[in-house]
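In what follows, subunit A forms one complex with subunit B and a second complex with subunit C.
So, the complex of A and B:
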C-alpha cells in the first residue's frame, strides 16, 4: 500500500513537472506585452526595460523556469504581475468558491444520478426507464453555458419580474458572511452543474446495476426472503457503485481545478473565472499557478480513486 | 410439378442463409432503431443547412454579415423580433439571425468533423502502437496519455487559443491535441488482449511484419468501440467549440458561429429572447441529435449491453 502510494506520488510529480515545462515554454514562445501594458501608453523604452527587469522577464527562459521551480518547491508560486499578490494567496481566495460550487453540485448530481439509475435498472425497458434515459441524454447534450443562461432567464429574471426575489443574478457571498446568502447565490450554479453531470451517473449506475442484479448472490439473497428494497440497495447498489466512485473521483478532480463556464456565467470568482481573467491579462504566474494546481487536483483524485477501489472491491490489490 | 417446386426451394435456401459480417449486422440493427434514424435525419438536415447556407442568404436577401442598422434595429437601437423580413429576428448589430445560424452550422460541423478525425486517427495509431509493440514504446506512450489526461483541458485550451489567436485550425488542433488520449487508452486496452490471440500468432508465423499485423489483422477488431466512441465524440467537440466561442475565443468577428452568437446575446436576454433562443436551439438540437444517434450506434454494435 505504502509503496503503491509512493510510486503513484512520484508518477504524479513527474506529470506536474512535464505540464509546468509545457506551459512555460508555450507562454514564452508567444510574444508578451505585459511590461508595455503595465507601463502605460506614454512609457519610454527605459521604463519598459526596468519593469521587465523587475518581473524577471529579461532573464533567459531556462533561468526563469529554474527560478520558478526553485520557488515552487518551497511553496511559492510567484506573484501576479499587476498587484504583486502571491499566487498562493489568489488560489487560496478562489478555492473556497470553487469548492462550494463543486461539492454542493456533487451532492445533487450523485443523488439525482444514482437514484435515477437505480430506478431505471430495477424496471428495465419500462416507461420510467425510457423517460429517465431520455431525460439524462437531454441534459447531457445541453451545453453548460446554455443551461446556465436558461436558468438565469427563468429562475432569476422571470421570477424576479413576477415579484419572487429568490435567486440573485450571480456573484458570491462567503459562507461565514451568512449561510443563507451563500446558499441563495449557489443554488442556480449547483443545479446547472448537477443536471449536466447527473446524466453520466444515471447511465453508469443503470449499467452496472443491471449487471449486478443478474448475479447469483442476488438470487440467493432473494430466495432467503429478504425484502426486495433491501436486496436492491444493500446487496445490489453496494457493489454496483464501484464504477460510480471512479467517475466521481475523476469529475471532482476536474471540477476542483476550476469550473470555467459555470463560474463565468454566474460571475462566481472561483479558480475558473480567475484563470480566464488572468489569461486575458497575460498574467503568466497566475495562469501557471492555477493550471498546475488544477492538474495536481486531477492527479490526487486519480490516486484516491485507485485507493477507494481497493477498499470497495477486496479483489483489487494495489501494487 | 411438386418435385420441381421442391427443387427450387432447395436451391433458394442457401442464398437465404448468407453470412453477414458483424458490421452489416450492426447496420441492420441501427436501421431498425427509430430514434437513431430520426436523429440521423435531423443531422442530415443540419448538414444540408450548412451546405446550402448561401441559399438562405439568397432567399431572404440578407448576406450573413450585412448590418441592417435602419430596418434591422428598433429606433432605440435594439434587435428586432421575428417578422416577415427577418424570420428569426435580428441581432445587436441588425444582422439576420436565421442566415447567421445557417452559416454558423458550417463552423460547428467543420470543427466537429475535423477535430474528431484528428482525434481518432492519432488515438488509434498511438493506441495500437502502445498496445501492440509494448516495451519502452508502451511505457512512453502510456506516460504521455497520463499527462494529457491530467491536464485541465478547458483551462489550457483557453490559454492556448489566447496565445495563438483564435482561428478555425487552432480550435481544431487544440481539441484534437487533448482528446486523442482517451481514444488511445481504449484502443490500447483492446489491443493488449487481442495481441495474445491465435490469429496474431498465425499471421506472425506466416512472416507478416509488425506493421501489417497491427493495421491489417488487429485494427479491424478494434473498430467497433472506435466507431461508437467517434459518434459520441462529435457532439462533445461541437460543444467544446461553442464553449470556446462563448468565452470569447471563437472565430474572429464577423464570422457567424453559434457559441459567439449566444455570447453576444447575453446582454439582451431580457429584451430580445429570439437572439439567444434560436442559436441556442440550433446548438441544442445538433448535440441532441448526435448524442441520440451515437446512443443508437452503441446499441447496434453491442446488442448485449442494455440501452444504458
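So, the complex of A and C:
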C-alpha cells in the first residue's frame, strides 16, 4: 500500500513537471506583449523594458523556469502580472466556487446515473428502461455550453419573464454569506454539468448491473430468501459499482473541461473562469498556477479512486 | 404424503426462435429424510425444474403443482416463497467458485442468511452459529476463517461453505444442483461425505441433481432419469442399476467410467431441440432399439414393477434381458 502510494505520487510529480514545462514552452513560442499592455499605448521602450525587468520577463526562459520551480517547491506560485496578487491567493479565492460546483454536480450525476442505471437493469426492455436510455443518450451527445445556455434561457430568462425569479442569471454567493443564495446560484450549473456526465453512468450502471444480476452469486442470494431489494442493492449494486468507480476516476479529467465551460456560461468566478481570463490576458503565473493545481487535484483524486477500488474489491491488491 | 410432490410440471421460455419447452410434464416425490437423485445429460431440464419450484426462474410460463409441506410452490406468491427459501429449502449449486459473493466475507454471508429468517437472533449469536456450521462441514480453524473472503478458499472448501450456509437453518429439503461436478474426484467424495453426514444428523431430504451415475450410486434412495424435459425412468436406486428398463438409462450406465479404466461409451447423437420436438419418443433418434411405433407415438410413463416406472415401448422382459 505504502509502496503503491509512493509510486503513484512519483508519477504524479513527474506529470506535473512535464505539464509546467509544456506551458512555459507554449507561452514563449508566441511573442508576449504583457509589458506593452501594462505600460499603455504611449509608453516609451524604456518603460516597457523596465516593466519587463520587474516581471522578470527579460531573463532567459530557462532562468525564468528555474526561478518558477524554485519558488513553486517552496509553495510560492508567483504573482499575477497585473495586480501583483499572489497566485496562491487567487486559487484560494476561486477554489471554493469550483469545489462547490464540481462536488455538487458529482453527487447529482452519480445519484442520477446510478439510480437510472439500476432501474433500467432491473426492468430491462421495459418502458422505464427505454425512456431512461433515451434520456441518457440525448444528454450524452449534447454540447455542454449549449445545455448551459438552454438552461439559462428557459429556467432563468423565461421563468423570470413569467414572474418566477427562482434562478439568477449567474454569479456566485459564498455558502457562508447565505446557504440559500449559494444553492440558488449553483442549481443550474449543477444540473448542466451533471446531466452531461450522468448519461455515461446510466449506461455504465445498466450494463454492469445486467451482467452482475446474471451471476451465480445473485442466484445464491435469492436462494437465501433475502428481500429482492436487498438482492439488487447489497449483492448486485455492490459488485456493479466497481466499474462505476473506475469510470469516475477517468471522468475527473473530463470534469475539468466541463467545469471551465460551465463556469464561463454561468459567470461563476471559479478556477475555470479565472484561467480563461488569465489566458486572454497572457497572465502566465496564473495560468501555470491553476493548471498545475488542477492537474495535482486530478492526480490525487485518481490515487484516491484507486484506493477506493481496492477497498471495494477485496481481490484487488495495490502494488 | 411426501415432503415434496411435483405433478405435471411444465416450464417453457419464450425466445425469438420459439417457445423452449424445457420441462414437459415432470412428476416426482421426495420423502422426508430421503435422497432423490435427478439424473440426465446436460440440458434435460434438471436445473430449470428445481429452480422453478423454488421461484428462481424468471420469465417462464409455468404450469402444474409442487406441494411442499402442504403449500403449492407454483401458485405461492413471491413473499411466501422467499420465506421458504433458505429457511425450509436450502440450495447449493454447481460452481462453488462463482456461487459465493466475491465481495463479502464468508461469515457475513452465512450470518445474512440466518438473520434473514431469524429476526430475534443477535449478530453475535448468528456469527457463533456460522462458525459452528463451518466446523461441522469440516473447515479447519473456522473461527479464524470465518472472516476470509471466498477467493481465499479452494473450490472444495467453498462448496463446504455453501453447504454450511444451506444447512444453517436446518431446512427440511436441500436441493443440490450438481454440487460436485466442478470438483476433482477426491474432493468430490469429501463433499458428498459432508452432505451425507449432515443429512443423517439433521434428517434433511435431498434432491440431488447430477449427470454422474457414480454419485447416484453413492447417495440416492430413489432415482428419476430425465431426458428432454420429462421422466424416462423412475425407480429405487438398486433397480436403476440392476433392473433398469429404459434404453436411455442403459446408455447413461454404459457411459459411466469403470473403476479399472476409463472405458467410456457416451450415447451417440445429441438431444432433440426443445423448440420443435419430434413426434413419438424423444429418445428415438439416439435409441439403439428404436422401432416404428417409437417414431409415431410417445410412450407414457408406465408402471413396470413395484415403485418402478419407465417411458418406453419395449416389453419389460425383453429390456431386462438386454440389460443383463
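As a convention for this text, the second predicted complex is superposed on the first by the 310 of 319 C-alpha atoms of A that agree within 3 Å, B and C clash if a C-alpha of one lies under 4 Å from a C-alpha of the other, contacts with A are read in each partner's own complex, and residues count from 1 in each chain.
Note that in this section a residue touches a chain if its C-beta (ideal position, glycine included) is under 8 Å from a C-beta of that chain, and two chains touch if they have at least 3 such contacts.
Keep in mind the model is a prediction, meaning the values are calculated, not measured.
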First, second, both or neither for A:206, with subunit B first and subunit C second: first
Contacts of A:225 with subunit B and subunit C, given as first, second, both or neither: second
Which of subunit B and subunit C A:261 touches, first, second, both or neither: first
Which of subunit B and subunit C A:217 touches, first, second, both or neither: second
Comparison of subunit B and subunit C by subunit A residues contacted: B
Touched partner set for A:238, first subunit B, second subunit C, both or neither: second
Complex interface listing, subunit A residues touching subunit C: 215-217, 219-228, 235, 238-239, 312-315
Partner subunit A, residues of subunit C touching it in the complex: 51, 54, 56, 78, 82-87, 90-91, 93, 95, 98-104, 112-113, 116-117, 149, 151, 162, 165-166
Subunit B residues touching subunit A - in the complex, by the definition given at the top: 143, 146-147, 149-152, 154-156, 158-160, 162-164, 235, 239, 242-243, 246-247, 259, 262, 266, 269-270, 273, 276, 280, 283-284, 287-288, 290-292, 295, 305-308
Residues of subunit A defined as touching subunit B within the complex: 11-12, 14-16, 18-19, 23, 26-27, 29-30, 124-125, 133, 137-138, 140-146, 149-150, 152-153, 157, 203-204, 206-207, 210, 254, 257-258, 260-261, 264, 272, 275-276, 279-280, 287, 290-291, 294-295, 297-299, 302
